[in-house]
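Look for chain A in each of the two complexes below; its partner is chain B in the first and chain C in the second.
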Partner chain A sequence: MTFRSIKSLLVKTFSVFSLLLATQAFAGENHTPATTQAGAVAPVADEAHGAKKEGDFNVTETILEHIKDDHSWHMWGHVSIHLPVILKTSKGFEVFSSEKLVDEHHEPAVYKGNFDYKLMEGKIKIVDAAGNIDEDASKQLWDFSITKNVASLFVSVFILLVVLLSAAAAYKKTGVKSAPKGLQSFMEPIILFVRDEVAIPNIGAKKAGKYMPFLLTIFFLILINNFLGLIPFFPGGANVSGNIAFTMTLAVFVFIVVNVSANKSYWEHIFWMPGMHWSMKLFLAPIELIGVFTKPISLMIRLFANITAGHILVLSLICLIFIFKTVFASAIAVPFAVFIGMIELLVAFLQAFIFTMLAAMYIGMATEEHHHDAHGEAAHH
Partner chain B sequence: MLLEINPLVLPDIGLVFWNTVAFLLLLVVLGKFAWKPILQAINDREQGIEDALAKADKMKSELAAMQSENEALLAKAREERATLIKEAKETADKMVADAKEKAKAQYDAIVADAQVAINQQKNAALTDVKNQVGALVIEVAEKVLHKELSNKAAQESYINELAEGVKLN
Partner chain C sequence: MVVGSVAAIGAGLAAIGAGIGIGQIGKGAVEGIARQPEAANEIRSNMIVAAAFVEAVALFAVVVALLGNG
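Right, the complex of A and B next:
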């Protein structure tokens, strides 16, 4: 099991990196604005598009379009929710609807607020009168918009709050003596799984209780976002847990918790490895110090790469239909997409588990009591 | 820059900000109102189960102790019964033997007494018979002698005869 998951992890990481390289390679020829979203009207007036036929289809762009964040949440056909844009510039905060950033053809349009804003490759930039990006002004632009991912994140927070608070209420209502029922009995094994398989083996029974709320929150937040990401339509469809910002934030929290709770012996093992020759100590210190940072970075990349790779796989399979331009391709594409979707269900759980388990492991390493300085520790307490 | 290869690996400040807010909100709210009561309840239940199990174990061992005690009691009772029966049997045997012995002794005594009485009576009877025979003999002898010695001659012959007998002695 473990071997297979590592293997799939490798495959996915590789596929993501090859995709990154591929987009770089394509970058030279693709000047088409991001408009080929399914159901969107094909653009008419565009120099780069002029040469191409209306039915032209760029797989890479379509897939990236679906994976990337967006200022509007596409629901069906021509209907999408226009999410609010919140900008912080040198002239202060500014809030407006993202509807104003696109024209009636779903093409990026200039919105004149404190500055002239325009969507450039999905990101809001400040443009000058000629329509070119004003780099200096754009550097001072902070985009706090409620994007598709943020909205999806809020949905997941709402679901988590409703589900878990009602599960907690059930404990209060039915008491301890009766067996869990309904939602409560669905959540309890997962909570117990996190406690007995993740927290206690890695941190130890004595200290695990302190970190349980943190680990449980991380686990459920990743899990719900992984699952929501698998739903192809509203209220899913966003790629929150496959977004580097999301995984980075969680990894930073893990980094903070690990280093704040780290004890003396942990730092000693990093800067001055006990039981080694002094030359080895000097040699190991920078390596261990790098390790402090690579641990959360590996958490960040692992989750991002796995979830993104899963989305890319499913989208690629669906795109086969458009590549072959025949509906019969769906005979192969759809079963395969369903198959990958099944695997993604497993991955959704597995990645939440792995992230939480590694976080617990790092915390466990940081709080572990070593025997050779147990005396010093005991004297302090 | 490496990070500018693809916007996919370029974190948006907006999502970082909102995710931080969302995560902290979840951590605080869930930590206070969900994880704490749930984990507490689970712990309480586990503690309860553990206690119940320990109690059941204790009861079981107690029951086993009681059972072994009962068995010991039963064995003891059985032993006692066996001894009692044995003793009773012995007593009964002894009583029977004693009775037998006593009966025999009595019988012997009775028989002996009877024999003594019989002998006595026999002797008495014999003596009586002897006396009677003696008397009869004397009477007969008297009568005979009386008849024979009624004449003088006969008396003298007889005396002579006797006298001759004395000489022989």
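Right, the complex of A and C next:
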């Protein structure tokens, strides 16, 4: 029944799709000027810099530029904060302002330090006198710069320290007996939510306390960075939790905590699944071993994809105004962007919750005590 | 001439899959709540979590489509 309805749905979708495609192709033949106008949206990046024509607007390039990490933090108009660049090359460390890497027209310029540095597609490379990338020297270049994401992380760490330390100080002063006040009363339900909805059901009341600091840390770090990413101007605006390096770091920590706290029965269930025939055990061991790595990888990709996709969605709605080249497009684009922004608020919380919950679930799986019954049944619960 | 890329078709197919998935979740949740209205809160929170999992798969596809496009 369900399958048949899905099948008919697919058939309908494809027929509508092919119908639309056909009319579009047909219309395109008759009205060539209309197609060229739409075609202006398609990639035009034939020239790296300089000779860009007025009116050429590359959506993909614009969006990717906004969600990637940067050496300067844009404030408004032509004002931006130039963050420090810290490089390690074969000649040692070097620190300079990223202002030196752009000229007055905001185009990449060559900075002469120990080597000649130039920004190539957002990455600092060593160039020779002719302006070509020196591949061998660039391989030894390590970029430790305070980029936009790093600076945004500092902001979020500062906010977290202020909020959480003041809440902690209130508990120290008044204890847990009196009613919470101020920021404390804002933080208490969130912390209790993480404890009662995330940690205890997944890890168990006995061991949950040991992992609460870790779970609270990742929960609040993801949450504050998701929220800061949704603010389009200065203190926010950086795409920290939509950066794969950031989510990878969190996932690596989850991986370490899970595998360090894993008990004997966890490893037994991975390498020599109890209650199975020996041939099945041999078959399951590599699959379970891959599972050890895919769990944190899926954590990493889930957070990255959700936040990045949210940013892309909002940016593409705003880009509609520039695609249609009329301010009236904003009548549709802005309400939709606000609507998506509201959904993103939910997603920001949800992803922090899901990351924490899955981390707690993995820890719970690794620390669970198994009571082997007579049949050695692997299914629990 | 049709202007566009295969990536958009891929993203659209992923959206169909996610739509079916989230529809099934919503159907299950509404049926569950209709049978047991007192469990509505618990069912709703589980529904949101499950929907987020389904949505994440669609978003993987969006990111892959975008990277393939760029």
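Just so it is clear, the second predicted complex is superposed on the first by the 320 of 381 C-alpha atoms of A that agree within 3 Å, B and C clash if a C-alpha of one lies under 4 Å from a C-alpha of the other, contacts with A are read in each partner's own complex, and residues count from 1 in each chain.
FYI, a residue touches a chain if its C-beta (ideal position, glycine included) is under 8 Å from a C-beta of that chain, and two chains touch if they have at least 3 such contacts.
Remember, it's a predicted structure, so these values are computed and weren't measured experimentally.
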| item | value |
| --- | --- |
| Chain B versus chain C as contact partner of A:251, first or second or both or neither | neither |
| Which partner reaches more residues of chain A (counting touched residues only), chain B or chain C | B |
| First, second, both or neither for A:308, with chain B first and chain C second | both |
| Touching partner for A:350 - first (chain B), second (chain C), both, neither | second |
| First, second, both or neither for A:64, with chain B first and chain C second | both |
| Where chain A meets both chain C and chain B, residue numbers | 24, 64, 304, 308 |
| Residues of chain A that touch chain C when the two form their complex | 6, 9-10, 13, 17, 21, 24-25, 28-29, 35, 38-39, 41-42, 60-61, 64, 301-302, 304-306, 308-309, 312, 347, 350-351, 353-354, 357 |
| Chain B to chain A touching residues, read off their complex | 5-20, 22-23, 25-27, 29-31, 33-39, 41-42, 44-45, 48 |
| Contact set on chain A toward chain B in their complex | 20, 23-24, 64, 67-69, 86, 121-123, 142-147, 149-150, 153-154, 157, 160-161, 164-165, 167-168, 171-172, 176-177, 187-188, 191-192, 195, 209, 212-214, 216-217, 220-221, 243-246, 248-250, 253, 304, 308 |
| Interfacial residue positions of chain C with respect to chain A in the complex | 1-3, 12, 16, 20, 48-49, 52-53, 55-56, 59-60, 62-63, 66, 69-70 |
